[in-house]
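Same chain, two partners: subunit A is paired with subunit B first, then with subunit C.
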Partner chain A sequence: MIRVLFFGMLATKTGVRETHLELKRPGATLSDVMEELGKRFALPPKAPYMLAVNEAQADPSTVLKDGDEVAVMPPFSGGLG
Partner chain B sequence: MDFTEEQIERYSRHIILPDVGGKGQAKLLKSRVFVLGAGGLGSPALLYLAAAGVGAIGVCDGDLVDLSNLQRQIIHNTGMVGTPKTLSAKKAIEELNPGVKVTAYNERLNAGNIREVIRGYDIVLDGSDNFPTRFLANDASFFEKKTLVSGSMFRFEGQVSVFKPHQNYPCYRCLYPEPPPKGLAPSCQEAGVLGALAGVIGVLQAVEAIKEILNIGEGLSGYLLVFDALKMSFKKLKIRKDPGCALCGENPSIKELVTYEEVCEATAGKCES
Partner chain C sequence: MTPAIEDKPVRIQEGDFSVEEEVDRIKQSSRGIGAVVAFLGVARDSSGGKAIMSVSFEQYASMALKALEALREDALRRFDIIDARIVHRVTAINPGGNIVLITVASAHREEAFRACSWCIDTLKKTVPLWKKETTPEGESWVVPHA
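Here is the complex of A and B:
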(Lines of atoms letter the chains of each structure in order from A and count residues from 1; the text may use other names and numbers.)
(Lines give C-alpha, C1' and ligand atoms only; values in the text may rest on other atoms or scores of the structure.)
Protein backbone atom coordinates (compact mmCIF):
# COMPACT_ATOMS: atom_id res chain seq x y z
CA MET A 1 0.00 0.00 0.00
CA ILE A 2 1.24 3.47 -0.87
CA ARG A 3 -0.07 6.85 0.12
CA VAL A 4 -0.74 9.48 -2.57
CA LEU A 5 -1.06 13.21 -1.82
CA PHE A 6 -2.68 15.70 -4.20
CA PHE A 7 -2.04 19.43 -4.02
CA GLY A 8 -3.52 22.62 -5.41
CA MET A 9 -5.66 22.30 -8.50
CA LEU A 10 -5.30 18.52 -8.41
CA ALA A 11 -6.93 18.21 -5.01
CA THR A 12 -9.80 20.25 -6.44
CA LYS A 13 -10.03 18.13 -9.60
CA THR A 14 -9.85 14.78 -7.79
CA GLY A 15 -11.95 15.91 -4.84
CA VAL A 16 -9.46 14.34 -2.41
CA ARG A 17 -6.21 15.47 -0.86
CA GLU A 18 -5.07 11.96 -0.10
CA THR A 19 -5.67 8.44 -1.36
CA HIS A 20 -4.16 4.98 -0.98
CA LEU A 21 -3.21 2.44 -3.63
CA GLU A 22 -2.11 -1.20 -3.63
CA LEU A 23 0.93 -1.78 -5.82
CA LYS A 24 -0.19 -4.29 -8.42
CA ARG A 25 3.12 -6.05 -8.88
CA PRO A 26 6.65 -6.01 -7.50
CA GLY A 27 8.71 -3.50 -9.41
CA ALA A 28 5.73 -1.20 -10.07
CA THR A 29 6.94 2.28 -10.98
CA LEU A 30 5.76 5.80 -10.35
CA SER A 31 4.65 5.85 -13.97
CA ASP A 32 2.40 2.80 -13.37
CA VAL A 33 0.88 4.49 -10.34
CA MET A 34 0.29 7.71 -12.29
CA GLU A 35 -1.46 5.70 -15.00
CA GLU A 36 -3.74 4.12 -12.44
CA LEU A 37 -4.44 7.45 -10.76
CA GLY A 38 -5.10 8.94 -14.17
CA LYS A 39 -7.80 6.32 -14.82
CA ARG A 40 -9.29 6.49 -11.36
CA PHE A 41 -9.57 10.28 -11.30
CA ALA A 42 -9.82 10.99 -15.05
CA LEU A 43 -6.63 13.04 -15.06
CA PRO A 44 -5.21 14.21 -18.38
CA PRO A 45 -2.26 12.02 -19.36
CA LYS A 46 0.42 14.55 -20.18
CA ALA A 47 -0.10 17.13 -17.50
CA PRO A 48 2.87 18.86 -15.97
CA TYR A 49 2.92 17.58 -12.42
CA MET A 50 5.99 17.51 -10.30
CA LEU A 51 6.25 14.06 -8.74
CA ALA A 52 7.95 13.30 -5.46
CA VAL A 53 8.48 10.04 -3.60
CA ASN A 54 9.10 10.30 0.13
CA GLU A 55 9.53 14.07 -0.19
CA ALA A 56 12.12 14.01 -2.98
CA GLN A 57 11.43 14.77 -6.64
CA ALA A 58 11.40 11.48 -8.56
CA ASP A 59 11.43 10.33 -12.17
CA PRO A 60 8.46 8.33 -13.50
CA SER A 61 10.75 5.26 -13.73
CA THR A 62 11.25 5.19 -9.94
CA VAL A 63 10.33 1.77 -8.50
CA LEU A 64 7.93 2.04 -5.58
CA LYS A 65 7.61 -0.11 -2.49
CA ASP A 66 4.97 -0.52 0.18
CA GLY A 67 4.84 2.40 2.58
CA ASP A 68 6.06 4.98 0.05
CA GLU A 69 4.45 8.39 -0.05
CA VAL A 70 3.88 9.91 -3.47
CA ALA A 71 3.23 13.65 -3.84
CA VAL A 72 1.63 14.92 -7.04
CA MET A 73 2.27 18.66 -7.25
CA PRO A 74 0.85 20.90 -9.97
CA PRO A 75 2.28 24.38 -10.47
CA PHE A 76 0.45 27.25 -8.73
CA SER A 77 0.03 30.36 -10.81
CA GLY A 78 -0.39 32.94 -8.11
CA GLY A 79 -3.76 34.21 -7.08
CA LEU A 80 -6.32 36.47 -8.65
CA GLY A 81 -4.90 39.91 -9.31
CA MET B 1 30.58 51.45 6.02
CA ASP B 2 29.66 54.09 8.56
CA PHE B 3 26.11 54.10 9.81
CA THR B 4 24.30 57.28 10.70
CA GLU B 5 22.83 57.50 14.19
CA GLU B 6 19.39 57.11 12.70
CA GLN B 7 20.47 53.89 10.94
CA ILE B 8 22.04 52.46 14.10
CA GLU B 9 18.78 52.94 15.93
CA ARG B 10 16.50 51.89 13.08
CA TYR B 11 18.40 48.67 12.44
CA SER B 12 19.50 47.99 16.03
CA ARG B 13 17.59 44.69 16.25
CA HIS B 14 19.47 43.45 13.20
CA ILE B 15 22.80 44.87 14.27
CA ILE B 16 22.69 43.06 17.65
CA LEU B 17 21.73 39.79 15.95
CA PRO B 18 24.84 37.57 15.77
CA ASP B 19 24.25 36.33 12.21
CA VAL B 20 23.52 39.80 10.87
CA GLY B 21 25.50 42.40 12.80
CA GLY B 22 26.80 45.64 11.40
CA LYS B 23 28.41 43.77 8.54
CA GLY B 24 25.15 42.09 7.52
CA GLN B 25 23.19 45.30 7.84
CA ALA B 26 25.72 47.01 5.60
CA LYS B 27 25.15 44.24 3.02
CA LEU B 28 21.40 44.84 3.20
CA LEU B 29 21.86 48.58 2.72
CA LYS B 30 23.91 47.93 -0.40
CA SER B 31 21.59 45.26 -1.82
CA ARG B 32 19.21 45.65 -4.73
CA VAL B 33 16.02 43.58 -5.05
CA PHE B 34 13.56 43.57 -7.94
CA VAL B 35 9.99 42.66 -7.00
CA LEU B 36 7.68 41.48 -9.74
CA GLY B 37 4.17 42.45 -8.76
CA ALA B 38 2.93 44.77 -6.01
CA GLY B 39 0.06 42.40 -5.27
CA GLY B 40 -0.69 39.70 -2.71
CA LEU B 41 2.86 38.37 -2.50
CA GLY B 42 4.69 41.55 -3.42
CA SER B 43 2.92 43.63 -0.74
CA PRO B 44 4.27 41.88 2.37
CA ALA B 45 7.59 41.10 0.69
CA LEU B 46 8.12 44.76 -0.24
CA LEU B 47 7.25 45.98 3.25
CA TYR B 48 9.68 43.62 4.98
CA LEU B 49 12.46 44.23 2.47
CA ALA B 50 12.03 47.97 2.95
CA ALA B 51 11.90 47.63 6.73
CA ALA B 52 15.09 45.54 6.62
CA GLY B 53 16.86 48.37 4.83
CA VAL B 54 17.36 46.83 1.40
CA GLY B 55 19.07 49.72 -0.35
CA ALA B 56 17.30 49.71 -3.68
CA ILE B 57 13.97 48.13 -4.52
CA GLY B 58 12.49 47.90 -7.98
CA VAL B 59 8.77 47.29 -8.13
CA CYS B 60 6.94 46.36 -11.28
CA ASP B 61 3.20 46.32 -11.78
CA GLY B 62 0.99 47.64 -14.55
CA ASP B 63 -2.24 47.77 -12.55
CA LEU B 64 -4.27 50.27 -10.58
CA VAL B 65 -5.23 49.57 -6.97
CA ASP B 66 -8.71 48.03 -6.92
CA LEU B 67 -10.96 47.72 -3.90
CA SER B 68 -10.97 43.93 -4.30
CA ASN B 69 -7.17 43.92 -3.91
CA LEU B 70 -7.24 45.21 -0.36
CA GLN B 71 -8.32 41.85 1.12
CA ARG B 72 -4.66 40.77 0.78
CA GLN B 73 -2.52 43.46 -0.88
CA ILE B 74 -1.60 45.15 2.37
CA ILE B 75 0.89 47.67 1.01
CA HIS B 76 -2.05 49.60 -0.48
CA ASN B 77 -4.84 51.33 1.37
CA THR B 78 -8.40 52.44 0.67
CA GLY B 79 -7.41 55.98 -0.24
CA MET B 80 -5.18 54.60 -3.01
CA VAL B 81 -7.96 52.87 -4.96
CA GLY B 82 -7.57 53.91 -8.59
CA THR B 83 -3.88 54.84 -8.21
CA PRO B 84 -1.15 52.87 -10.02
CA LYS B 85 0.03 50.10 -7.70
CA THR B 86 3.67 50.98 -8.21
CA LEU B 87 3.07 54.55 -7.00
CA SER B 88 0.99 53.39 -4.07
CA ALA B 89 3.72 50.88 -3.13
CA LYS B 90 6.47 53.47 -3.57
CA LYS B 91 4.66 55.88 -1.25
CA ALA B 92 4.10 53.19 1.41
CA ILE B 93 7.76 52.12 1.26
CA GLU B 94 9.04 55.68 1.50
CA GLU B 95 6.80 56.32 4.50
CA LEU B 96 8.08 53.17 6.18
CA ASN B 97 11.74 53.74 5.36
CA PRO B 98 12.86 56.90 3.53
CA GLY B 99 16.34 55.40 3.22
CA VAL B 100 15.20 52.96 0.54
CA LYS B 101 15.57 53.99 -3.08
CA VAL B 102 12.44 52.80 -4.89
CA THR B 103 12.18 52.56 -8.65
CA ALA B 104 8.66 52.06 -9.98
CA TYR B 105 8.15 50.21 -13.26
CA ASN B 106 4.56 50.94 -14.16
CA GLU B 107 4.54 48.65 -17.15
CA ARG B 108 4.21 45.07 -18.18
CA LEU B 109 7.50 43.27 -18.46
CA ASN B 110 8.02 41.38 -21.67
CA ALA B 111 10.71 39.48 -23.52
CA GLY B 112 11.99 42.77 -24.90
CA ASN B 113 12.63 44.61 -21.64
CA ILE B 114 12.86 42.22 -18.69
CA ARG B 115 16.55 41.30 -19.00
CA GLU B 116 17.67 44.88 -19.07
CA VAL B 117 15.46 45.75 -16.10
CA ILE B 118 16.61 42.92 -13.81
CA ARG B 119 20.27 43.34 -14.79
CA GLY B 120 20.56 46.20 -12.30
CA TYR B 121 19.45 44.06 -9.34
CA ASP B 122 20.98 41.26 -7.24
CA ILE B 123 17.83 39.26 -6.61
CA VAL B 124 14.48 38.87 -8.37
CA LEU B 125 11.44 38.16 -6.21
CA ASP B 126 8.55 36.75 -8.22
CA GLY B 127 5.10 37.62 -6.94
CA SER B 128 3.40 37.36 -10.32
CA ASP B 129 0.00 35.81 -10.77
CA ASN B 130 0.18 34.16 -14.15
CA PHE B 131 2.23 31.50 -15.90
CA PRO B 132 3.56 33.57 -18.82
CA THR B 133 5.15 36.05 -16.39
CA ARG B 134 6.39 33.24 -14.14
CA PHE B 135 8.21 31.53 -17.02
CA LEU B 136 9.50 34.86 -18.33
CA ALA B 137 10.92 35.72 -14.88
CA ASN B 138 12.51 32.28 -14.60
CA ASP B 139 14.14 32.38 -18.02
CA ALA B 140 15.32 35.99 -17.73
CA SER B 141 16.79 35.31 -14.27
CA PHE B 142 18.63 32.31 -15.69
CA PHE B 143 20.08 34.28 -18.60
CA GLU B 144 21.09 37.17 -16.30
CA LYS B 145 22.38 34.77 -13.59
CA LYS B 146 20.11 36.28 -10.96
CA THR B 147 18.81 34.39 -7.94
CA LEU B 148 15.03 34.04 -8.24
CA VAL B 149 12.93 33.85 -5.08
CA SER B 150 9.68 32.36 -6.25
CA GLY B 151 6.31 32.30 -4.51
CA SER B 152 2.89 31.23 -5.71
CA MET B 153 -0.52 30.44 -4.31
CA PHE B 154 -3.66 28.49 -4.95
CA ARG B 155 -6.65 29.06 -2.65
CA PHE B 156 -5.27 27.93 0.75
CA GLU B 157 -1.91 26.58 -0.42
CA GLY B 158 1.37 28.19 -1.33
CA GLN B 159 4.73 27.23 -2.81
CA VAL B 160 8.08 28.88 -2.16
CA SER B 161 11.46 28.11 -3.68
CA VAL B 162 14.76 29.73 -4.57
CA PHE B 163 16.01 29.08 -8.09
CA LYS B 164 19.73 29.35 -8.72
CA PRO B 165 20.47 27.36 -11.88
CA HIS B 166 23.69 29.38 -12.32
CA GLN B 167 24.94 27.75 -9.10
CA ASN B 168 23.96 24.25 -10.14
CA TYR B 169 20.58 24.26 -8.42
CA PRO B 170 17.31 23.64 -10.29
CA CYS B 171 15.29 26.31 -12.09
CA TYR B 172 11.49 26.53 -12.32
CA ARG B 173 11.55 24.60 -15.61
CA CYS B 174 13.33 21.68 -13.90
CA LEU B 175 10.03 21.29 -12.02
CA TYR B 176 7.61 22.44 -14.68
CA PRO B 177 9.05 22.37 -18.21
CA GLU B 178 6.11 24.27 -19.77
CA PRO B 179 3.07 26.24 -18.63
CA PRO B 180 0.10 23.94 -17.99
CA PRO B 181 -2.47 23.47 -20.76
CA LYS B 182 -5.55 25.64 -20.63
CA GLY B 183 -7.81 23.13 -18.88
CA LEU B 184 -5.38 22.65 -16.04
CA ALA B 185 -4.55 26.21 -15.19
CA PRO B 186 -6.96 27.44 -12.56
CA SER B 187 -9.78 29.38 -14.14
CA CYS B 188 -10.50 32.90 -13.01
CA GLN B 189 -13.48 31.81 -10.91
CA GLU B 190 -11.38 29.18 -9.18
CA ALA B 191 -8.51 31.47 -8.44
CA GLY B 192 -9.69 32.93 -5.14
CA VAL B 193 -7.13 33.02 -2.41
CA LEU B 194 -7.07 33.38 1.37
CA GLY B 195 -5.78 36.88 2.03
CA ALA B 196 -3.57 36.01 4.97
CA LEU B 197 -1.99 33.17 2.96
CA ALA B 198 -0.45 35.83 0.74
CA GLY B 199 1.14 37.23 3.88
CA VAL B 200 2.64 33.86 4.84
CA ILE B 201 4.08 33.18 1.39
CA GLY B 202 5.21 36.75 0.62
CA VAL B 203 6.96 37.03 3.98
CA LEU B 204 8.69 33.68 3.44
CA GLN B 205 9.96 35.08 0.14
CA ALA B 206 11.28 38.17 1.95
CA VAL B 207 13.01 35.91 4.50
CA GLU B 208 14.67 33.93 1.72
CA ALA B 209 15.74 37.07 -0.15
CA ILE B 210 17.26 38.53 3.03
CA LYS B 211 19.09 35.24 3.78
CA GLU B 212 20.46 35.23 0.23
CA ILE B 213 21.75 38.79 0.67
CA LEU B 214 23.31 37.97 4.04
CA ASN B 215 24.48 34.55 2.89
CA ILE B 216 23.31 32.90 6.10
CA GLY B 217 21.50 29.68 7.00
CA GLU B 218 20.11 27.13 4.60
CA GLY B 219 18.04 28.51 1.78
CA LEU B 220 15.33 26.88 -0.29
CA SER B 221 17.64 26.29 -3.28
CA GLY B 222 17.00 22.69 -4.24
CA TYR B 223 13.76 22.55 -2.25
CA LEU B 224 10.13 23.36 -2.88
CA LEU B 225 8.37 24.41 0.31
CA VAL B 226 4.64 23.80 0.23
CA PHE B 227 2.31 25.31 2.80
CA ASP B 228 -1.26 24.21 3.41
CA ALA B 229 -3.09 26.78 5.53
CA LEU B 230 -6.10 24.51 6.18
CA LYS B 231 -3.95 21.70 7.54
CA MET B 232 -1.44 24.22 8.92
CA SER B 233 1.32 22.04 7.55
CA PHE B 234 4.56 22.66 5.72
CA LYS B 235 6.15 20.13 3.41
CA LYS B 236 9.67 20.56 2.11
CA LEU B 237 10.23 18.55 -1.06
CA LYS B 238 13.74 18.02 -2.33
CA ILE B 239 13.93 19.03 -5.99
CA ARG B 240 16.71 18.31 -8.46
CA LYS B 241 18.33 19.99 -11.39
CA ASP B 242 17.10 18.25 -14.54
CA PRO B 243 20.00 17.48 -16.89
CA GLY B 244 17.40 17.45 -19.68
CA CYS B 245 15.98 20.88 -18.76
CA ALA B 246 15.34 22.86 -21.94
CA LEU B 247 16.67 26.00 -20.26
CA CYS B 248 19.42 25.11 -17.77
CA GLY B 249 20.16 21.49 -18.77
CA GLU B 250 23.09 20.01 -20.64
CA ASN B 251 21.72 20.57 -24.15
CA PRO B 252 19.39 23.52 -23.80
CA SER B 253 16.91 24.20 -26.59
CA ILE B 254 15.75 27.53 -25.14
CA LYS B 255 18.38 30.07 -26.14
CA GLU B 256 16.29 33.21 -25.84
CA LEU B 257 13.19 34.42 -24.02
CA VAL B 258 9.90 32.77 -24.94
CA THR B 259 6.55 34.58 -24.85
CA TYR B 260 3.57 32.52 -23.73
CA GLU B 261 -0.03 33.58 -24.05
CA GLU B 262 -2.10 34.10 -20.96
CA VAL B 263 -4.96 31.61 -20.84
CA CYS B 264 -7.05 33.54 -18.37
CA GLU B 265 -8.18 36.87 -19.75
CA ALA B 266 -8.83 38.39 -16.36
CA THR B 267 -5.17 38.11 -15.41
CA ALA B 268 -3.60 38.82 -18.79
CA GLY B 269 -1.32 41.79 -18.65
CA LYS B 270 -1.03 41.82 -14.91
CA CYS B 271 2.04 40.87 -13.01
CA GLU B 272 0.90 40.55 -9.47
CA SER B 273 -1.21 38.25 -7.39
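Here is the complex of A and C:
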Protein backbone atom coordinates (compact mmCIF):
# COMPACT_ATOMS: atom_id res chain seq x y z
CA MET A 1 0.00 0.00 0.00
CA ILE A 2 1.26 3.47 -0.85
CA ARG A 3 -0.05 6.87 0.19
CA VAL A 4 -0.72 9.38 -2.59
CA LEU A 5 -0.99 13.13 -1.94
CA PHE A 6 -2.46 15.75 -4.29
CA PHE A 7 -1.74 19.45 -4.06
CA GLY A 8 -2.96 22.74 -5.49
CA MET A 9 -5.20 22.50 -8.53
CA LEU A 10 -4.81 18.70 -8.57
CA ALA A 11 -6.44 18.45 -5.14
CA THR A 12 -9.22 20.65 -6.51
CA LYS A 13 -9.54 18.53 -9.67
CA THR A 14 -9.54 15.13 -7.92
CA GLY A 15 -11.64 16.34 -5.00
CA VAL A 16 -9.26 14.63 -2.55
CA ARG A 17 -5.98 15.54 -0.89
CA GLU A 18 -4.97 11.98 -0.17
CA THR A 19 -5.68 8.44 -1.33
CA HIS A 20 -4.15 4.99 -0.97
CA LEU A 21 -3.25 2.42 -3.62
CA GLU A 22 -2.08 -1.19 -3.63
CA LEU A 23 0.98 -1.75 -5.81
CA LYS A 24 -0.10 -4.31 -8.39
CA ARG A 25 3.26 -6.01 -8.84
CA PRO A 26 6.80 -6.00 -7.45
CA GLY A 27 8.82 -3.40 -9.32
CA ALA A 28 5.80 -1.17 -10.00
CA THR A 29 6.88 2.32 -11.01
CA LEU A 30 5.59 5.82 -10.54
CA SER A 31 4.49 5.66 -14.16
CA ASP A 32 2.26 2.62 -13.35
CA VAL A 33 0.75 4.49 -10.41
CA MET A 34 0.13 7.60 -12.54
CA GLU A 35 -1.70 5.44 -15.09
CA GLU A 36 -3.96 4.05 -12.38
CA LEU A 37 -4.54 7.48 -10.83
CA GLY A 38 -5.29 8.86 -14.28
CA LYS A 39 -8.09 6.31 -14.71
CA ARG A 40 -9.43 6.69 -11.19
CA PHE A 41 -9.54 10.49 -11.17
CA ALA A 42 -9.77 11.23 -14.91
CA LEU A 43 -6.49 13.13 -14.85
CA PRO A 44 -5.21 14.31 -18.24
CA PRO A 45 -2.22 12.09 -19.12
CA LYS A 46 -0.06 14.81 -20.65
CA ALA A 47 -0.29 17.48 -17.97
CA PRO A 48 3.10 18.67 -16.67
CA TYR A 49 2.94 16.94 -13.29
CA MET A 50 5.70 17.28 -10.75
CA LEU A 51 6.24 13.99 -8.92
CA ALA A 52 7.88 13.18 -5.62
CA VAL A 53 8.51 10.02 -3.65
CA ASN A 54 9.13 10.34 0.08
CA GLU A 55 9.54 14.14 -0.22
CA ALA A 56 12.14 14.08 -3.02
CA GLN A 57 11.44 14.87 -6.66
CA ALA A 58 11.27 11.67 -8.70
CA ASP A 59 10.79 10.68 -12.32
CA PRO A 60 8.20 8.26 -13.71
CA SER A 61 10.67 5.35 -13.87
CA THR A 62 11.14 5.38 -10.07
CA VAL A 63 10.36 1.96 -8.58
CA LEU A 64 8.00 2.08 -5.62
CA LYS A 65 7.70 -0.06 -2.53
CA ASP A 66 5.02 -0.51 0.11
CA GLY A 67 4.87 2.41 2.53
CA ASP A 68 6.10 5.00 0.04
CA GLU A 69 4.53 8.46 0.02
CA VAL A 70 3.91 9.70 -3.52
CA ALA A 71 3.06 13.33 -4.25
CA VAL A 72 1.37 14.34 -7.50
CA MET A 73 1.81 18.07 -7.89
CA PRO A 74 1.14 20.85 -10.39
CA PRO A 75 4.13 22.93 -11.51
CA PHE A 76 5.42 24.94 -8.57
CA SER A 77 4.51 28.62 -8.30
CA GLY A 78 6.18 29.83 -5.12
CA GLY A 79 7.93 33.16 -4.98
CA LEU A 80 5.71 34.75 -7.61
CA GLY A 81 4.46 38.24 -6.91
CA MET B 1 20.48 25.65 22.88
CA THR B 2 17.86 25.46 20.13
CA PRO B 3 17.78 28.72 18.13
CA ALA B 4 14.59 30.77 18.14
CA ILE B 5 12.44 30.13 15.06
CA GLU B 6 13.21 33.57 13.63
CA ASP B 7 16.94 32.84 13.91
CA LYS B 8 16.69 29.89 11.51
CA PRO B 9 18.15 30.83 8.13
CA VAL B 10 15.37 29.06 6.21
CA ARG B 11 11.73 29.43 7.20
CA ILE B 12 8.21 28.97 5.84
CA GLN B 13 5.72 30.85 7.96
CA GLU B 14 2.32 32.47 7.98
CA GLY B 15 3.35 35.67 9.72
CA ASP B 16 5.06 38.65 8.19
CA PHE B 17 8.79 39.20 8.38
CA SER B 18 10.94 42.28 8.78
CA VAL B 19 13.40 42.98 5.96
CA GLU B 20 15.49 45.07 8.32
CA GLU B 21 15.69 42.31 10.93
CA GLU B 22 16.63 39.71 8.32
CA VAL B 23 19.38 41.96 6.97
CA ASP B 24 20.62 42.56 10.52
CA ARG B 25 20.69 38.81 11.20
CA ILE B 26 22.74 38.01 8.09
CA LYS B 27 25.16 40.85 8.85
CA GLN B 28 25.83 39.24 12.23
CA SER B 29 27.14 36.05 10.58
CA SER B 30 30.57 37.52 9.74
CA ARG B 31 32.66 40.67 9.91
CA GLY B 32 33.97 39.73 6.45
CA ILE B 33 30.68 40.75 4.84
CA GLY B 34 31.01 43.68 2.44
CA ALA B 35 27.70 43.32 0.58
CA VAL B 36 24.17 42.17 1.36
CA VAL B 37 21.74 41.71 -1.52
CA ALA B 38 18.05 41.23 -0.74
CA PHE B 39 15.26 40.09 -3.07
CA LEU B 40 11.78 40.85 -1.73
CA GLY B 41 8.82 39.31 -3.56
CA VAL B 42 5.65 41.35 -3.02
CA ALA B 43 1.98 40.66 -3.83
CA ARG B 44 0.69 42.73 -6.76
CA ASP B 45 -2.80 44.19 -7.19
CA SER B 46 -3.25 42.94 -10.75
CA SER B 47 -2.21 40.06 -12.97
CA GLY B 48 -2.84 39.74 -16.71
CA GLY B 49 -5.34 42.59 -16.57
CA LYS B 50 -7.30 41.08 -13.64
CA ALA B 51 -7.65 42.81 -10.30
CA ILE B 52 -6.11 40.72 -7.51
CA MET B 53 -7.60 41.05 -4.04
CA SER B 54 -5.14 38.68 -2.38
CA VAL B 55 -2.82 35.77 -3.06
CA SER B 56 -2.32 32.72 -0.90
CA PHE B 57 0.09 29.81 -0.98
CA GLU B 58 -0.33 26.10 -0.38
CA GLN B 59 2.71 24.02 0.47
CA TYR B 60 3.78 20.40 0.72
CA ALA B 61 5.13 21.38 4.09
CA SER B 62 7.71 18.73 4.90
CA MET B 63 9.14 18.65 1.36
CA ALA B 64 9.05 22.44 0.93
CA LEU B 65 11.20 23.06 4.00
CA LYS B 66 13.69 20.37 2.94
CA ALA B 67 13.83 21.81 -0.59
CA LEU B 68 14.45 25.33 0.75
CA GLU B 69 17.20 24.08 3.05
CA ALA B 70 18.80 22.20 0.13
CA LEU B 71 18.53 25.35 -2.00
CA ARG B 72 20.43 27.39 0.61
CA GLU B 73 23.11 24.73 1.00
CA ASP B 74 23.48 24.51 -2.78
CA ALA B 75 23.85 28.30 -3.04
CA LEU B 76 26.55 28.27 -0.33
CA ARG B 77 28.45 25.61 -2.33
CA ARG B 78 28.00 27.16 -5.79
CA PHE B 79 28.80 30.79 -5.03
CA ASP B 80 31.57 32.59 -3.17
CA ILE B 81 29.18 33.90 -0.55
CA ILE B 82 29.29 34.01 3.23
CA ASP B 83 25.67 33.34 4.13
CA ALA B 84 22.14 33.16 2.72
CA ARG B 85 18.73 33.36 4.36
CA ILE B 86 15.30 32.57 2.85
CA VAL B 87 11.84 33.15 4.31
CA HIS B 88 8.59 32.44 2.42
CA ARG B 89 5.08 33.12 3.69
CA VAL B 90 2.09 30.80 3.29
CA THR B 91 -1.10 32.65 4.11
CA ALA B 92 -3.49 35.08 2.42
CA ILE B 93 -1.45 38.13 1.44
CA ASN B 94 -2.99 41.40 0.33
CA PRO B 95 -1.46 43.58 -2.41
CA GLY B 96 1.70 45.21 -1.13
CA GLY B 97 2.28 42.41 1.38
CA ASN B 98 5.53 40.50 1.65
CA ILE B 99 5.72 37.02 0.05
CA VAL B 100 9.34 35.97 0.05
CA LEU B 101 12.67 37.40 1.12
CA ILE B 102 16.06 36.11 0.06
CA THR B 103 19.11 37.76 1.58
CA VAL B 104 22.64 36.89 0.49
CA ALA B 105 25.86 38.18 2.02
CA SER B 106 29.31 38.11 0.51
CA ALA B 107 32.61 39.96 0.63
CA HIS B 108 31.94 41.63 -2.73
CA ARG B 109 28.66 42.52 -4.42
CA GLU B 110 28.92 40.56 -7.69
CA GLU B 111 28.64 37.11 -6.10
CA ALA B 112 25.78 38.22 -3.82
CA PHE B 113 23.79 39.54 -6.81
CA ARG B 114 24.42 36.35 -8.81
CA ALA B 115 23.58 34.05 -5.91
CA CYS B 116 20.41 35.95 -4.99
CA SER B 117 19.14 35.82 -8.56
CA TRP B 118 19.94 32.10 -8.77
CA CYS B 119 18.14 31.44 -5.46
CA ILE B 120 14.81 32.97 -6.53
CA ASP B 121 14.95 31.32 -9.98
CA THR B 122 15.71 27.94 -8.39
CA LEU B 123 13.10 28.36 -5.64
CA LYS B 124 10.40 28.68 -8.29
CA LYS B 125 11.48 25.36 -9.85
CA THR B 126 12.31 23.22 -6.81
CA VAL B 127 10.15 24.22 -3.85
CA PRO B 128 6.63 22.73 -3.70
CA LEU B 129 4.55 25.85 -3.16
CA TRP B 130 1.44 26.81 -5.13
CA LYS B 131 -0.07 30.23 -5.51
CA LYS B 132 -3.79 30.92 -5.60
CA GLU B 133 -5.19 34.30 -6.60
CA THR B 134 -8.44 35.74 -5.28
CA THR B 135 -10.14 38.09 -7.73
CA PRO B 136 -13.59 39.69 -7.63
CA GLU B 137 -14.75 36.66 -9.72
CA GLY B 138 -13.39 34.05 -7.31
CA GLU B 139 -10.29 31.99 -6.67
CA SER B 140 -7.95 30.41 -9.20
CA TRP B 141 -4.65 28.56 -9.09
CA VAL B 142 -1.76 30.20 -10.88
CA VAL B 143 -0.11 28.27 -13.68
CA PRO B 144 3.50 29.41 -13.97
CA HIS B 145 4.95 30.30 -17.36
CA ALA B 146 7.24 27.62 -18.80
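Definition applied: the second predicted complex is superposed on the first by the 75 of 81 C-alpha atoms of A that agree within 3 Å, B and C clash if a C-alpha of one lies under 4 Å from a C-alpha of the other, contacts with A are read in each partner's own complex, and residues count from 1 in each chain.
Everything below uses one rule, namely that a residue touches a chain if its C-beta (ideal position, glycine included) is under 8 Å from a C-beta of that chain, and two chains touch if they have at least 3 such contacts.
A quick note: this is a predicted structure, and the numbers were derived from the prediction, not measured.
In the superposed arrangement, which partner chain does A:Ala71 touch: subunit B (first), subunit C (second), both, or neither?
Both: A:Ala71 reaches subunit B and subunit C.
Touch test for A:Ala47: subunit B only (first), subunit C only (second), both, or neither?
first
Examine A:Gln57 and indicate which partner it touches, taking first as subunit B and second as subunit C; both and neither are also allowed.
After superposing on A, A:Gln57 lies in contact with both subunit B and subunit C.
Once the two structures are superposed, pull the subunit A residues common to the subunit B and subunit C interfaces.
7-9, 12, 50, 52, 55-57, 71, 73-81
So in the complex, the part of subunit B that touches subunit A is made up of which residues?
For subunit B paired with subunit A, touching residues are 37, 39-41, 63, 69, 72, 127-131, 134, 152-155, 157-159, 175-181, 183-186, 188, 190-193, 198, 224, 226, 228, 235-240, 266-267, 270, 272-273.
Under the stated contact criterion, what part of subunit A meets subunit C in this complex?
5, 7-9, 12, 50, 52, 55-57, 71, 73-81
Hey, which residues of subunit A end up touching subunit B in the complex?
Touching subunit B: residues 7-9, 12, 44, 47-48, 50, 52, 55-57, 71, 73-81 of subunit A.
Sort out for me which residues of subunit C touch subunit A in the complex.
Touch list, subunit C to subunit A: 41-44, 57-60, 62-64, 66, 88, 99-100, 120, 123-132, 141-144.
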